[in-house]
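Shared between the two complexes below is subunit A, which has subunit B as its partner in the first and subunit C in the second.
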Partner chain A sequence: MTMLQTPPVEMTAPTLYQLSPELQALRETVREFAVDVIRPRALANDQAPADHFDWDVVRAGHEIGLLRLVVPTAYGGLGLGELGVAVALEEIAAECAGTALIFGAAMLGQAPVLLSGDPQLQARFLPLFSGDDPVLACNAITEELAGCDLLIPESAEFATDVVTARREGDHYVLNGSKKFITNGRVAHYATTFANMEGEPGATGLTCFVVDLDSPGVVRGEVADKMGYRACLGTELHFTDVRVPEENVVGGEGAGFHINIAQMNMARAAVAAISTGIARGAFELAKAWCDERVQGGKRLREHQFSARKLAEMAAKVDASRMLYLRAAHLADNELPAPVYEPAVAKLFADRAAIEVTEDAMSLMGARGYVREHRMEKYLRDALGTRIYEGTPEVLALAITESLYDDEEW
Partner chain B sequence: MPVFQTKAQADELFGDLFRILAADPDFAGELERHRLTVALVHTKPDVTIYLAPGEVHVDEVPAPPVLTVKMSCDTAHALWAGKLLLPLAVATGKLRVRGSMAKVIEFAPLLHPAFDRYPDLAVAAGLAA
Partner chain C sequence: MCTNDDPDTNRTRERYASDILALQERLTFRTLATLPEVTYRVERADGLTTLGLRTDQLTTRHLLGMQGFRLAQYLRLGWVCSDAIASRAMFCEPTQALRDDDLHLVTLDGQGRILGYLGLAGVDGSLLMADPERAPFPVEVAHGVNLAEVVPALATTPSDQVRELKRFVHRRSMTDKLERLRVTVELLLAAGSVVLDMHEVRLLVGDVEEHVALRHLMIMGLETRLVEGTRPALEERHYLHHAYTERAAVRPFVADVPSAENLGRQLRLLEELLESPDPVASLRALVSDFGGNVERVAA
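And now, the complex of A and B:
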């Protein structure tokens, strides 16, 4: 298997319909990894107990560079942007969305450190991802009472139940619990969002890099999920966890803005995961329609089936165009755009559900049994609609952008 | 009240800051290594600083820059004085960047000497840092 290479300094500018030669090479390498390494294990990993984790897949992904895609070259990474990440994640998700999210969540844990622009923080944490052994990160935001809306209003009765931090000398002390943290069970560190004690709401939200082997950290139960079973969504409990002050990302109170920036950057990549799910399901259905004969002709020659296949192909293509546009813009604008990533995710998430449903119907009973992987695609498609912005949250972001006429 | 009363004040202070940085062999070397050219477009008052390896131009952009950074002079003052955090400035849209984000990630740490030098320069220019 080919090792991913650092692109030349002057990468060829991509267009929306033609990836640069560098990104085409990246796509081919990741596709080879996905087909050769992930596909043979995807079904077994999906059907394994909820807390099963396949380190061999992660190790193989690390060997081709998947854990250091966005790490700057100065720290041994490939220095790629959102476009490279999205292209890679589509390829992985076409075989297993849960595996794509293992790598995606690790990058989400790297993002605050990258966004901080803090050379000390970067020098301490980013080289971890370029070593011989795979190291995972995670991003700890969600709590029992905070999902789509991360901000607990100061007046809320439960405002005191959030994960909190208080300063004690040159350390901060964290208390509270996080929920559904992808990679939380297996990550080295978590970029953890906590409110300064007595400061609920946006102004007190602060991001910390927390070593998950620190005293007081307990990696809790793994959620037994419907889909995305290759990655582990875990509770994280913090009891008087001491975090050195140099692990604060961007300063006290910067957490909310860091999170918004992260989310706007991540949505293109999540749309790419939806595109991969849709493509994987479409490819299976396409092959099936070519070989299955009913009424004396192949399924693809029946008009109703042909119509379905054509609609599915169009949805996969449109999803890809939208995420490429969003990722390209996210790579070239700060703050990351709000509108294009939200549109891409809204469309691609819905397309993935529609395409996998149509693909199942085209495959009939075979689509409904596990061995053909089709029902896994549908379960995974439903999961993507939830994280990094539900359709309702995305709609709010899109509509707000429609009325935002601020010039650059 | 704006920090800078005249354009000349902003020209001089930001020009001096980046001339000092550009004269630093480490900074210049890193710009060269990353093939970075940057236009810092300040508004209110309008001052553009163009940085290239070994070059600083005020209100002149001799070639299309790899990165364009746009912010008001007040934002720049707060940023370099350490009163405004970079991630906050970006996330709130007070500081906007156009260009490859991979280059931004390489460029941001190079700016750290500016945070060390600016407060003294600002005080010398009669501005509270």
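And now, the complex of A and C:
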């Protein structure tokens, strides 16, 4: 009988189920940071006033490279892709989703500069993240009236708060307001999407790198949010803000393509945050079910509880598989995939809500008490469903992809 | 090359240069002092730290930070062409030409801001300086001169016993004269100490302005041959072209490394100078009593 030969290790290509040694090391490093630095402060940061910001956590994260994950090595960064980002964000979100979003939003602010392919723009902004002091960026899309959708022409016509841009010599002049901009209060610059005056909609949408210390920029109120309290969602007001023409990303009218590309890439990372929230809640519930004895048995030995735990574990694993696939494709496909990130986010967001709710029910009254952190997971889980695509927006993207083939 | 016919292009490139200066002004690197291996380290009670690191002891981001500091200071001095750096999207000096064992000496303040930098670079291989196959030092390329031909004493020295002193720069925004002197002395102490430890190094080369960097060589007590009559050889598009055309005459030099005894004495005097209540007067006395000498040779 011929024995099947085990292939030598070097012949086995890395798969999504086996991260590269570099990414495994990254995951371990970030996990250690999350447990040692974030966990002890997560509750305090969550219960602090809405405008409280913990720079110490950011500084500690920056020390391990979290603000330069996607910055190319030529600019002093780690040169990782979406997969690395997603793996790191799951680990952080397992302790505090708000902290994960601080780093995620900074990367979102780096993304247009990276996507621009403009070496001067990159040289002027990306090395900022390689010094020892943490520098944050943010991405300013959302507006009062237009929400995340700046592409609806009528929005510009009716709204007074829509951010517009007009060219004056070698500068552009920006006016209007943005809302719910994560890191807006604390970032050095914002990649800001504005419609060229007289050109509302996709054709006029333009992305600018705006120094947030420029004259005319006012960092407005911080939203007092239900969850994600560690990061600051801020209004940004622009009054005749002069932005040099070199700060246009990809040229006038390129904003639409940049917006779509970064959104499709970001969804895998946000699915990873949802996975982290679900995992954090699941791990707390799992430990509780192993410890708590009722009716002479540990909770995990009760069939109803065991069933819940099993469902929760499956949802966490499935979420992870979906975001890993989406991130892997985002790193390897051009244009960035639409379907897989949307599916990952749709599933993982829902899974996070379901898992945290089940985890809370398993912990009973303790889950409802702040000090046990479970209710924080539930509040955070509800937040993830909103940004970078609500279920309704994701459903449209997914369904459009499903029928793409038929159009041919 | 810095003057372009198109005013819009000029304005854009000036803004690029200004952004790079602002960027480099903002960066701090206090973690340089925490790198696991350093060749030289002196930490003063007031927070000033001077480090010596080989290229291969640096992380990429720290190396880029130092190269960025160098570029920014040369840019402030007007020795780097803003046109050239903008057209190449440079934010730091290139790293490709650096060798693994090139040394980077750097003084940091308590916040991790780089206050001064001095490089000690070698060339690949170990051929006699007179050997036509020998790799040229950057100073020879910049001045279009073979130093072994104009300084006969250099000819029989193997190239791995020679180092080039490069980019002795202060943070230009540091305006306090005493502070600048302090950084100069800290870097000279570092350079002298590492050369003392590298027993094989017998000669130093480089280029200096007569009334500026030449004084550093005198402070170190170096016997220096200053080469006169060379012409800048970097092509006009080279980003450092201005360093040789837009300032007072820059001359190549060849200097003997003093004996261990003499160099050790010079380093002790420099240490004492740091403690002096009147460092400027002490420096004058040091140069007067134990300073080096200059001999001029024609190219």
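Operating definition for what follows: the second predicted complex is superposed on the first by the 383 of 408 C-alpha atoms of A that agree within 3 Å, B and C clash if a C-alpha of one lies under 4 Å from a C-alpha of the other, contacts with A are read in each partner's own complex, and residues count from 1 in each chain.
Heads up, the rule we're going with is that a residue touches a chain if its C-beta (ideal position, glycine included) is under 8 Å from a C-beta of that chain, and two chains touch if they have at least 3 such contacts.
Bear in mind that the values here come from a model prediction, so they are computed numbers and not experimental data.
Tell me the contact category for A:Gly117 with respect to subunit B and subunit C: first, second, both or neither.
first
For A:Ala281 in the superposed arrangement: first (subunit B), second (subunit C), both or neither?
A:Ala281 sits against neither subunit B nor subunit C.
Give one of first, second, both or neither to describe whether A:Ala348 is in contact with subunit B, with subunit C, with both, or with none.
In the superposed model, A:Ala348 contacts neither subunit B nor subunit C.
Who does A:Asp132 touch here: subunit B (first), subunit C (second), both, or neither?
second
Touch test for A:Asp331: subunit B only (first), subunit C only (second), both, or neither?
In the superposition, A:Asp331 touches subunit B alone.
More residues of subunit A are touched by which partner: subunit B or subunit C?
Of subunit B and subunit C, the partner in contact with more residues of subunit A is B.
With the two structures laid over each other on chain A, which partner does A:Ala194 touch: subunit B (first), subunit C (second), both, or neither?
A:Ala194 contacts neither subunit B nor subunit C.
Going by the contact rule set out at the top, does A:Glu82 touch subunit B (first), subunit C (second), both, or neither?
first
Under the contact definition given at the top, report the residues of subunit A touching subunit B in one complex and subunit C in the other.
Residues common to the subunit A contacts of subunit C and of subunit B are 73, 119, 122, listed in rising order.
If you look only at subunit B, which of its residues touch subunit A in the complex?
Listed in rising order, the residues are 34-35, 70, 85-88, 90-93, 95-102, 104-106, 108-109, 111-112.
Any idea which subunit A residues touch subunit B in the complex?
9-10, 72-74, 79-82, 114-119, 122, 249-251, 253-254, 256-258, 260-261, 330-335, 406, 408
Which residues of subunit A touch subunit C once you look at their complex with the stated criterion?
So the residues of subunit A in touch with subunit C come to 63, 68, 73, 75-77, 119-120, 122-125, 127-128, 130-133, 135, 170, 244-246.
List the residues on subunit C that touch subunit A in their complex, please.
Residue positions touching the partner: 8, 11-12, 15-16, 19-20, 23, 26-31, 60-61, 64-65, 68, 86, 89-92, 112.
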